[in-house]
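Sharing a structure below in structure tokens format, with a few things to ask.
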Amino acid sequence: MEFSYLWWIPLLPFAGFLINGLVGRKFPRTVVAAIALLFTAVPFGLVLKLASTMFASGGPEQISLAGAPWISVSGFTVNFAFNVDHLTLLMLLIVTGVGFLIHLYATGYMAHEEGYWRFFAYLNLFMFFMLVLVLAANFLLLFVGWEGVGLASYLLIGFYFKKDSAANAGKKAFIVNRIGDFGFLLAMFLIIAQFHTLNFTEVFAQIAAHPEWQGGMMTAIALLLVLGATGKSAQIPLYVWLPDAMEGPTPVSALIHAATMVTAGIYMVARSHVLFAHSPTALSVVAVIGALTAIFAASIGLVQNDIKRVLAYSTVSQLGYMFLACGVAAYTGAIFHLMTHAFFKALLFLAAGSVIHAIGGEQDMRAMGGLRKKIPVTFWTMTVGVIAIAGAPPLAGFFSKDEILYQTFASGHVVLWAIGLVTAGMTSFYMFRLWFKTFFGEFQEPAHDTHHGDDHSHAHGVHESPAIMTIPLAILAVLSIVGGWVGIPKAFGGSMEIEHFLSPVFGEPAAVAATASHPSEFGLAAVSVLVAAIGFIFAYVFYYKKPGTLGALAEKNRGLYNVLANKFYIDEIYNGLIVVPTLMFTRLFLAGFIDKGVVDGTGATLGLTAKGGGYLARKIQSGNIRSYAGWLALGAAVLLIAMTFGLKAFGATH
Amino acid sequence: MVPISYYLVLAAILFSLGIAAYLVKRNVITIFISIELMLNAVNLTFIAFAHQWNKLNGQIFVFFVMVVAAAEAAVGLAIIIALFRSRQTLNVDQVNLLKG
Amino acid sequence: MHLALFFIFGGLAVLAALNLLLQRHPINSALSLVVVMMSLAVLYWSLGAEFLAAAQIIVYSGAVMVLFVFVIMLLNAGEEERTRGSKIASIAGFPGAAAIFCLLSFVFLSEGHKLGLSHLGGSLDEASSNISQISSLLFTDLLLPFEVTSVLILVAILGAVVLAKKER
Amino acid sequence: MSSALLSILPEVVLTVTGVLIMLADPFFAPKASKKALGWLAVLGTLGAAGATLLQLRTHQILLTFSGSIQMDTFSVFFHLLIASIVLLTLLVSLDYFKPGATSHSGEYFALVLFGAVGMMLMTCSVELLMVFIGLEISSISTYILAGYRKGQATASESSLKYFLLGSFATAFFLYGIALAFGATGTTSLNGIASGLSVTAFPTMAFLALAMMLVGLGFKVSAAPFHVWTPDVYQGAPAPVVGLMSTAPKAAVFAVLLRITATTYSSELLHARWVWLIGIIAVLSMTIGNLGALLQKDAKRMLAYSSIAHAGYLMVAYTALPADSIAAAAFYTAGYAAMNVGAFAVISQLGGYDEPLRTIDDYRGLAQKHPVLAAALAFFLLSLIGIPFTGGFFGKFYVFNAAIGAGHVWLAVLGLLNSGVACFYYLRLLTALYSRKLGEEGGEFEGSSPAAAIAIAGAVLATLLLGVLPGKVLGLAQRGATVQVSRNR
Amino acid sequence: MTIDSSILSLIVFFPTVGAILLALLPANPTLQKWGALVVTLLTFLFTLHLPAHYQYGLTGYQFEVNVPWIASPAIRYHLGVDGLSMWLVVLSGFLAPLGVLISWRAIDRREKLFYTLFLLQQTAMIGVFVALDLFLYYGFWEWSLVPMAILIATFGRTDKRAKAALKYFLYAFIPSAILLVGMLWVYAQTGTFDLPMLQQMGASHSISSNHAALWLASLAFLVAFAVKVPVFPLHGWLSDAIFEAPTAAVMVLAGKLGLYSILRFSFGIFPEQSRQIAPLMIALGAIGIAYGALVALVQTDLKRLAAYSTLGHLSFITLGIFSFTVAGIDGGVYQIINHGISGGALFMLLGALYERYGTYDMRELGGVAQKLPWMVTLFVITALSNIGLPGLNGFVGEFLTLSGSLQTIYVAHPMLWTTIATTGVIFGAGYMLWAIQRVFYGGMGRRPDEVSGWDLDAREQVALWPMAVLFVVMGVASPYWMRAIDSFGAGAAGRTAVTDVHVYPNPTKNLALPETPVSSTEGGAH
């Protein structure tokens, strides 16, 4: 088989996981790191090889690789099968490329951590599952990766398991994801019931062949898939785990909770676009969820003080954009943004990690300031990331975000477009807020506050990170600048290469986009740049020029501020409305009443009845001979009467 | 000429009186005596039926019942003596160590 | 004449039985039983069971009852105390006894017409005496029961020895 | 050998042995160990068993002694059963009477043998007179045996209760015979069987059967005539309980089977009889099992259990003849094996004075005497009715017969009862295997070699009946065929 | 006697022979342990003969031995395995040596009694799986109770052990008594105890024409089995029994026997009645899943948590097999094996934890991961297997059962019940992860603080790693097992023309609009 090397793409990281996981404990750190890097780098190389094959003119647009059956019962079989098309290829490039960079960064970042081997084993495990996820040729294998990355995420969030908060966050992530998976599973069951297969090609071919199938079952399946996606991609209502996931080490946040895993939901929706095309309802739901999530998360991000949390809410918000794009059937836009976001968000997280690293584990921005000079490489790379996400041309974020907003507008969802636009302004504002608070203003001597954030108590004095960490930063910064150039729209003189690249998957660009006039696209872009600039100006004013004005403003609107600072109390609401009632119901009704009362009680009652009978039987046994004779006489009399007159009462006709 | 049934009813009366006496009496020996009364009632029945069927079997049965009764009396009275030795009472109402 | 005999001795037997029931001293009860037995002996005779009538008097009221009286005396049994040991005896027992009586009488009387009449002293077989008939039966057809009775008596003797003998 | 002698050969052998023992007894010092006499009794029993096998080999039905004795496979089955029970009892009793405990240990063996004579006679008699005499022999000897430990206050009470109530019930039985005689003019079972269908006095026949059922029900401790059982068993010596809870019952059940067989020819009679027995069966099972639930004394608990088992057994009497007779006969065998075994173990643990009585006393026994405990556990499992034990097959056949006859309700009630029953058996069983020893420290006596043989024999019998029931069942079925063919 | 015809007898009775040998050997702990280990390992080796020589293409019974045992009633010594029972036999063989290994230190007194009973239990259990005569089956079925009850009563860990043993026994025994009535009734109707014959009669509706009686008989069968499984709400015995029982006993306490019996006997003899009652059982299964998981969520005792988790897992199987779809039944059977391994491993780990800290109370534990890294590793793997992580064994079974339940045609609202059942994956993750967190993560708990634990030793690793490997292998290579199981499942799901059962035409009709694809012609669910 020409492409059988594809199997090695996921399997090599898995091998790395096994080696490090089983015997890594005994290895020196360098060996552990070498193994982890090697088993990530080689797949990256293989992906490049693959890319060169597919990019080449006349190269295959789609590669199918069928392996052994995995589940096989009469009438239904699922194979281990990979399917590579351009979408997959793009994802592979992102995952292995960004993944490798972050691995590299982590070797430096985690250098002094306990459980070094464990960390890299988990990281490799993540790579394995993520690669399975994108390579899968059927829903079930995708689900393997889907759950697997969730597992890796669980393990990595809870990496500092001694900390209750970390263990809690890991658990929360897993369980919230499981709620999504619940939907995913049901969707798969419905697909099986309808199509008797889970293979993408077969399912989508069947759907595509029946344009008359609209709504109904299609909507049901699509919505259940969306539920799965909201879990993994941290959308309303299941986004709550992502901010907490920042308990994990920063490279983890960069890789899993920004660049790759959280985009799995987007990938899955994009992958299922044929299905979604048959359910306008589901698409609308996706769009609305995306838009709402975008602005909702952004608004929370406005007032967060933990540097990683700001980035986390930003991630949620950006994922909302991607969702929005999917919802308006702009899958290319979604994937485009997915890619650029992977670059700049990974960059931002890594840079934030570098900041945290530099000042000894502190994550609270109120304790930061004036770091610009102390850690210049970090500062500059982060600046690139901030500008990129804020949406300033010609950096990557500008093109992808603009594509989404344009498509939204073009598809007639003006309200959603407006929401997206406002979000863009907010994004700009909170990112620059972060930038100003961290790098400008008064320098503060870091307080060694070990209970907070990553366990970096070893740090002495503020210092720039080692090269092994700054090199990935630099590479990502470059990507954040140029990454968007593959999608420069025609209005800007570009050729929208990514659209062509993905067209085998998503089909040729929708008619609406093709016919839209360049001026309107140009105008819309100008508006969004303007909004981003406004965001910057606000941030500049409040956090650089006149720090303190905002404090006063917040004082005036205490209520609103509190709502935002407390993240709309969503965690509390979930807790109060779902978790606590469920537990109370279980404890009182199920465990208390049903289990102790009904289930145990029935047995106990029967037992007591029998014992009561035993008591009576013993009562008869008084020990007195005359009583016994009395019973005998009575018994004899009854027997005689019964025998004489028959047992008509008992129906003894026989 | 007496109807056989009269004898039988008489036997029934005696038998029931035997039961009643068994129930009423507290003295173990008297209870035993009541049993003898019941046996006698049965004997009467036997003889009446023997007369009815004109067969000797009934009478012979009574003969054996008498023998058995004698044997029972020997053993029963021995048991009563043994009881009296260990309990110093003949009142059945006080013979109730075993119960429950 | 036969009827009078029946009613006199039958009545006597019932009265004696009642007396047995009502007397509180065991001796009186025992003697009442003797009266019952005597009366029954007459009735046996009236039904043609001369041998049994004799045996009733000699063996039963003679030997067996003497044994009773002997034991009563030996154990120096006094009047019964009217202890309240058992409610069941009166609640369940008496109705039971009464029911048995009623049922038996009902059955006997209702089937009485099918039963015959007895004739006084009517021997079962005119040719030979009651005793010779019984003995011939006893030593031919019923030899085995007769022999087995010896085992019974052996057991009774053993029992009396085992139970009544004082352990030294 | 004359057929008459052959037909009662086992009884003769036993009687002769018993007499020999009585003759030999005076040659021993009063309180000396009389083990030799015990061995003599064992020999006698073996001889009787041999004689029974001799009877079996003739393969014929002998009607002797003017039609009062019927030697057939049925009687042989019960003869063998009784001989086996007696054999085990004797073995268990050999060391039961420690020298000096009583001066009557010689008579004990004689009484057991004479009792066995009575029981055997019951099973081969087809003449109610013989049945009555046999019943009295067996009853009187068990009255005496029940009160054997004269030193104990409970012994004489046990004996007295057994005696007074037993005689009371005997009077009923006797009345029943009298009425049967009145209804049919004969006391021969064969005669009654043919007389019942043509009798002019059907009501009297009903009464006769009911009265006999009272008397026999008492002997097998069927409810509501069971009241004596717990008290008597509790006060009686353990080996004796083992004997009297099985052998006389087996004999009485045999009689009951023969009497039941007389009713087959009368449809009306049989229907009523079956229903009565069914109700008695249910009552017995229920009362027995419920009563046992709260017992603390092991013997007393097993007494209640024996009431219940009488109930299970009586279920068989409601079924059609051939199946039911075989089933009932098999049940008596299975029950005998496990119950004798259980009491054998108890007698070994308790000893003559029975310092260990309650279930708590048995706590932790498995640690001290693993083999004895395992044996007892096995018997208890058989009593519960776990498969591959005699107890299970007994129940299986009985309920199979009942269901075959359409009495599913009886089977349901019966098996539910056996479910309840496992509670108390298990209580004893778990006590055996629990961690802590009893309060008194649990100084158990070991078992004597002879008793060990007996227990091993009982285990083996229970196991064989549970794994390879074919042989015994085959014998029972042959016996059943005799009964059916005679009465149909 | 070829090896194929005697191998089953060998497998069944070899442990008994071992038990007798152990009972005769002196009560030396080391001797007993090693003896038991050798016996169980040999038995396991023997069981491996089955998959090696099984003819996969065929349906029906293999390795049969069929000789008369008792003439009247007609009882035969009839053993055999098919796709359903073969792996269960192997599973029983596999678990036994592990049970011995894990009891090595936990059972520190009366080893002789323990291992003797343990081996007897194994005979009974395997006997249940291979008996093809109803009577013989019943014998093994009942016998499986006894050693278990004694094990609980003797080796239970608190003072309530006797009570728990009694409860277990009564719960199992009383319905079994009714089962016996049902069996005898069937025998009275058909004159045979032979399962293949009865299956044929069941399939051709010739057991009895009395519908009410057939119903009652099928209920008698089903209730006895359902209690043994246990099916919600008949699980009253489960929690207490698991709470008390020693690890090796808990590993084989629930699940297998009852579920196997339902599949073999209820489905085999009463195909129609089983389908008629399917709606109820599916509902109970679905409720049981959610119920078990939820109640597990609020337990503080690890053993009780595992008990309710067991209830939940078994309910998956109930749900699956009563869907009467190929996927449901195959998945159910597969899940029986999975549960044996995953649940077994979980209990082994809990037992190991208990050996170290002397408590199952999560409130006293915490932070154990810092001290016992291998333990936490294996525990997490086992937990993941239990909560059905894709790629591990539990997922394959759960997925198939749930997908089967959605396709069933015997209930009106398969979507509703499947949805309820699928919530189990959420709650399941909830209690498992919460338990892991409370035991292993966070700050040091009271017990781990006081007691110095030790990590898994070589013996425990030897016992546990094979299971962990199996999790993965069975998770990715399920067809190896499934091919045998499928030959059974396909038959059971499609068995006979079933009349008199209400069938709903399209399982997902309630969701579908008229224009949606209705590919009922392909008829995945028959």
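Letters A, B, C, D and E mark the chains in the order given here, with residues in each chain numbered from 1 onward.
Here, a contact is a pair of C-beta atoms (placed from the backbone, for glycine too) under 8 Å apart; a residue touches a chain by one contact, two chains touch by 3 or more.
Chains and their UniProt names: B = NADH-quinone oxidoreductase subunit K.
In this text the structure is predicted, and so the values were computed from the model without any measurement.
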Checklist entry - Which number of steps is the smallest that gets you from chain C over to chain E via touching chains? => result 2
Checklist entry - Can you name the chain that lies farthest from chain C, using the mean of each chain's Cα atoms as its centre? => result A
Checklist outcome for this item: Of all chain pairs, the one with the most contacts is B-C
Checklist entry - So, what's the distance in Å between the C-alpha centres of chain D and chain C? => result 30
Item to check | Whole-Å gap between the CA centroids of chain A and chain C | outcome: 101
Checklist entry - chain A to chain B: how many Å between their CA centres? => result 95
Next on the checklist: Averaging over Cα atoms per chain, report the distance between chain B and chain E in Å.
Outcome noted: 64
Checklist entry - chain C: which residues touch two or more other chains? => result 85-86, 89-90, 93-94, 96-97, 100, 103-104, 107, 111, 115, 142, 145, 149, 152, 155-156, 159, 162-163
Item to check | For chain B, residues contacting two or more additional chains | outcome: 8, 15, 18-19, 22-23, 26, 31-32, 48, 50, 52, 55, 60, 64, 68, 71-72, 75, 79-80, 82, 85, 92-93, 95-100
Checklist entry - What parts of chain D, by residue number, touch at least two of the other chains? => result 129, 133, 136, 140, 143-144, 147, 150-151, 159-161, 164, 168, 203, 207, 230-231, 295, 420, 423
Item to check | Every chain pair in contact, whichever chains are involved | outcome: A-B, A-C, A-D, A-E, B-C, B-D, C-D, D-E
Checklist entry - What part of chain C is in contact with chain B in the complex they form? => result 2-3, 6, 10, 13-14, 17-18, 20-21, 26, 29-30, 33, 36-37, 40, 43-44, 46-49, 51-52, 55-56, 59-60, 63-64, 67-68, 71-72, 74-75, 77, 80-86, 89-90, 93-94, 96-98, 100-101, 104-105, 108-109, 111-112, 115-120, 122, 124, 130, 133-134, 137-138, 142, 145, 149, 152-153, 155-157, 159-160, 162-164, 166
Checklist outcome for this item: chain D residues touching chain C in their complex are 8, 15, 18-19, 22, 30, 65-66, 68-69, 102-104, 107-108, 110-111, 114-115, 117-118, 121, 127, 129-130, 133-134, 136-137, 140-141, 143-144, 147-148, 150-151, 159, 200-201, 203-204, 207
Checklist entry - Can you list the residues on chain A that touch chain D in the complex? => result 610-611, 613-618, 620-621, 623, 625, 627-629, 631-632, 634-636, 638-640, 642-644, 646-647, 650, 652-654
Checklist outcome for this item: Note: in the complex, chain E contacts chain A through residues 167, 170-171, 233-237, 239, 291, 294-295, 297-299, 326-327, 330-331, 367, 369-370, 373, 380, 384, 389-391, 395-396, 399-400, 402-403, 406-407, 415, 418-419, 422-423, 425-426, 429-430, 433-434, 436-437, 440-443, 476-479, 482-483, 486, 489-490, 507-508, 511-517, 519, 522, 524
Checklist outcome for this item: Contacts from chain A onto chain E in the complex sit at residues 25, 68-76, 80, 140, 143-144, 146-148, 151, 154-155, 158, 161-164, 167-168, 170-171, 174-175, 178-179, 181-182, 185-186, 188-190, 192-196, 206, 210, 212-218, 220, 582-583, 586-587, 590-591, 594-595, 598-600, 602-603, 607
